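Following this line, the structures themselves.
In what follows, chain A forms one complex with chain B and a second complex with chain C.
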Partner chain A sequence: MSGHRAAASRARGPVGATGSALALVWLLAPVVPLLLWAAADRWQFPSLLPQDWGLTGWRASIDQGVLAAGARSTGLGVAVAAVATPAGALAGWALARTGLRENRAVSLALLAPIALPPFAVVTGLSTVVLRTGIPPAVSVLLVLTAAALPYTTYVMRSAYVGYDAGYEDAALSLGASRRDVLTRVHLPLVAPALTAAAFLAFLVAWSDYVVTLLLGAGSLVSLPLLVGALASASGNDSTVAAASVAAVVPPVVLLVVSGAIARRTGRR
Partner chain B sequence: MTPRLQVGRALLVAPALLPVVVVVGTGLTATALQSTGLMPLVGRAAPTLDAFRGAAADQDLVRSAVLSLALAGVSTVLAVVVGFLLAVVVLDGRTGGRLVRAAAVATIPVPHVVGAASIGLLLSDSGLVARLTGTGAGGMPQLVAGPWWVATVAEYAWKESAFVAVVVLASLARQHGELAEVATNLGARPFHRLRRVTLPLAAPSLVAAGGIAFAYALGSYEVPWLLGRTAPEPLPVLAYRLLTDLDLTTRPQAAAVGMVTIAVAVVVLAGTAALLRTTPRSS
Partner chain C sequence: MTPGLELSGVAHSYPGPGPVLQDLDLAVPVGGCVALLGPSGSGKSTVLRLVAGLEAPVGGRILIAGRDVARVPPQRRRAALVFQQPRLFPHLDVLDNVAFAPTVAGVRRRAARELAGRYLGLVGTEHLAGRRPGTLSGGQQQRVALARALASEPDVLLLDEPFSALDPSLRTEMHELLVQLRSVVEPTILLVTHDRHEAAVLADTVAILRQGRIVQHDLPEVLHARPVDLEAHRFLGGLNAVTGQVEAGVHVSSLGRLEVGAGVPEGPGTLVLRQESLSLCAAEASPTVTGSVVGVRTTGARAEVRVEVGGVVLVVETADRLRPGDVTGVVVPRAARHVVASGRPAPEQVERGVARQPAGEGV
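And now, the complex of A and B:
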């Protein structure tokens, strides 16, 4: 093991501490003014730090409806994940373990939502929705589910490519019922992948802007739409920052939690 | 394969395939019909290319298309280069590398509209960069809503570089360590190893992630809307203005802009797929 580590340390690249520092500055720089503004009551130019600290931005963003928008976005994310994850798991199984693996039509169809500009597809859909009278929330949900399915299918396909069905056979031969095999062997084995797929599906819905903008018809103000509306008006930087932080914290927390779940179940 | 098995696997794929086919199929068809006068909001359907002509003549469609291509192209190149460098820093394996990996992963769930708001607070003429460099009003080049679209490109490059890094790291997870070790034991210098081991191993995922990043930047509305200037407009911004115009006759023009964007996306992604086929695979 120590020999391995010695070789690994010899295999170190050309990157010094400067490289790591530059990489961190690149990734974190946009977050710094966001966090400072979210905690600033007054921050006049050209001062480097806020003159007055406080929660004015948070109070203002709550007045602007950040909580209701957050609840709508959560509902969208959970609903999309709830539909797209099991559907992606079934398709992922079929694509990984049957002759469908080489089926190019299926792969191309599942690539379409990622490859095609969503606004262009939704431009035509908005007219269809208007004519058929489908409620805005339903149409947004349907389109975002279609947008999430390529991700859930791809993640589950990768998981099923490496899936060892031998465990299921062993459980069956030991007298387990089909149902037991599903709930006590199959699902625990793919739990990390299911968690990752659900997280990605949630993220697709949570982060969406243009689909909700075009199909929500003004009645569905998600958190990103609120951030966009606040940011396009000038002079309320602390409110924009507070709403932005509110739009980032929930998915980052979910990321950490789902990562921890995946690691725990993966180790078992 | 027996017919029963075929039905079985079709049933398994259906819940994922059907919503995608229905949504994308309906959307594409409706956008195409609207752009060619076959699905008018009012009046009789008649095939015409007036919407395309109108968009080209009155709305500067060609300039918008060139602008969108340039924005997506430049930010994709930046994202691929920076993303690869970020991955190299992580692979280097120091404590700093672990922090960089965590920061890159944490950047993925940031919605683009939040990224745009953040880049605005960073690069505007009273933003953090202006404060740090001590440039007063007029001294700072106009990065937000300026002539060179710097803030827009910076937002895409920032978000997508993290995406590229995460994709590359995931694809390199297995082989890179061993191969890098072998190369070192055979006497390869760090830069040599970077060029002959890391880059070829990462190439397929760099191309694929670059294609996805390009498609995103080409179709994104909120980033250039918040950080760009008002004219010329990138394709999605132009389409949204035409779609929501009180004058209903511009709706077909919005669909025409959509069709042009789809054509650009398909051509570029077909190119990406061709490039991917010629990129030698490591495994």
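And now, the complex of A and C:
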């Protein structure tokens, strides 16, 4: 396994290896001070590392409600993924089976939520939501699902473009009912794509700030909202850092887990 | 006896120009194997999809084991399909792939796996039970695909060019396997192929499908020796066709006067001769005709020798080594002579070809 990787990096050559290393540094560098701050009880300029290590920041952030906010964010992420993934799968399936012309129009419509500036749209929407009396949590869920749909749809469309329906024909001819075909053949075959789509949908909701702030009208304090509030109010760097780490770690864990699932089920 | 599979008057068309299948009649005896032979685009695979229920015919009847399956969904037709691509489920190991059919039929997991193990043994792949399909070679995958189809204990096994993606030596191996399987489990098989050798090796009888119609259905040797028309002769690899006139049971052409039998209709007719049925001999040894060699094409152990006789070139497949310019005699056995209509086949001839199904072949 590691031999393969070593061979691959050798094959890419020194330029490729340097590029990969730089990309890794680019991604990880901002997290390093965050991790240090989260474990620092005292860290004063000009010291390069904290003078006192400890968990004061964590205790303070838990007191400030990081766990409850994390639970709310998780709930929101799961809810958005639960709606946007099957919807995206259906849309992706349909798109993979239609001609290019119709496809282009639908693609444009799908991309709209990404193309439009969220702040402007959400500000307008918040007025509508207030007037129609839709509960804030529901409106947040609806708007975030709309925002997640382009991602889930595109992931599932690519999966369905390469999907071989012959597997289902084979299963039918072997006596599998439509339901068996779905649960024993179709879903396992697209499981890696479904996992990726669900992960993206979860991320859209997990990392959202603007929609939850404006449409949630303060009733839905998610983790990003709490981090934002802590950062602007307390000024306590280690508390903010601990809350930030709490917001960064779950998606990374999810990524690793979903990657493992994809590898396990996607082996051919 | 009720045929294992019977198609009568089956017609099908896709959106677009022209019907795919028209008025197709075909019967496969129980435990028999019929090959549907045709060029690509002739509608062969469509026939299998219609039998499997993956497409609905626009007309005609399909009976599997005597049962009209018009309203039977694919999963209840007991017609298992094996494709050119093995299409083993990548998320299941080999054993669970073969156990798929018994599992969805409600057999308990352990019993289903035991059954699967037996079918894996039948195709000689029991040692692969725990492997993932992606780690198998093409030949191994197709063996497992056969075992998976057989494990569904189908009334009819539909093979859609199952070996055409394999290299020649592997293909021969799979042909032997299928012949052996037929002697053990006796499935009713409808095989689709474009390879006449494969059809002849595997099937009891071969039906030629052309432009959505069966033009001839007979024993492979009859098909080769007595093709229904010139196109069938060419499609089956026949290289010799001599135009001429039939007069009182004698074919008159540049080759001379060759007796062909009293039953052959008078008038223009093309004499078709299999290159394998002709042989060479010394010009003094009273051959049927005499000519000179104009070309030799080696096909391995044997060669195709082109002999010009009175302005006509005859191709003779032989092990004799001759060189261009040699004078040689050609023996055209009486039994090798067959006359077909010149140009397009007459309709009644097509009808005769269809009617000449090998009824009561003692299956």
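Heads up, the rule we're going with is that the second predicted complex is superposed on the first by the 236 of 268 C-alpha atoms of A that agree within 3 Å, B and C clash if a C-alpha of one lies under 4 Å from a C-alpha of the other, contacts with A are read in each partner's own complex, and residues count from 1 in each chain.
FYI, a residue touches a chain if its C-beta (ideal position, glycine included) is under 8 Å from a C-beta of that chain, and two chains touch if they have at least 3 such contacts.
Quantities reported herein were computed from a predicted structural model and do not represent experimental measurements.
Taken together through their common chain A, the two structures put chain B and chain C side by side without a clash.
Of the two partner chains placed around the shared chain by superposition, chain B is the only one that A:Leu110 touches, whereas chain C remains out of contact. Using the contact criterion defined above for the overlaid structures, shared-chain residue A:Ser219 touches neither chain B nor chain C, since it reaches no partner. With both structures placed on the common chain, the touch criterion links A:Leu48 to chain B but leaves chain C unconnected.
Of the two partner chains, chain B is the only one touched by A:Ala247; chain C is not. Panel annotation: after superposition on the shared chain A, the angle at the CA centre of chain A between chain B and chain C (CA centres) reads 110 degrees, nearest 10.
In the superposed model, A:Thr132 makes contact with neither chain B nor chain C. With both complexes superposed, B is the one of chain B and chain C in contact with more chain A residues. Using the contact criterion defined above for the overlaid structures, shared-chain residue A:Thr123 touches chain B, although it does not reach chain C. Shared-chain residue A:Ser173: touches chain C; no touch with chain B. Remark: least CA distance from chain B to chain C after fitting both complexes onto chain A is 9 Å.
Considering their complex, residues 1, 5, 9, 12-13, 15-17, 19-24, 26-34, 39, 41, 82, 85-86, 88-89, 91-94, 96-97, 99-100, 103-122, 126-128, 130-132, 134, 136, 155, 158, 161-162, 177, 180-181, 183-185, 190-191, 193-194, 198, 212, 215, 218-222, 225-226, 235-236, 239-240, 243, 251, 254-255, 257-259, 261-262, 265-266, 269 of chain B touch chain A. By the touch criterion stated above, chain A contacts chain C in their complex at residues 164, 166-167, 169-178, 180, 184-185, 188-189, 191, 265-268. Of all the residues in chain A, the ones that touch chain B in their complex are 7-15, 17, 19-21, 23-24, 26-34, 36-37, 45-48, 84, 86-88, 90-91, 93-95, 98-100, 106, 109-110, 112-128, 142-143, 145-146, 149-150, 152-153, 203, 206-207, 209-210, 213-214, 223-224, 227-228, 230-232, 237, 240-241, 244, 247-248, 251-252, 254-255.
By the touch rule above, chain C contacts chain A in their complex via residues 49, 52-54, 73-81, 83, 85, 87, 89-91, 100-101, 104-105, 132-134, 148-149, 152, 158.
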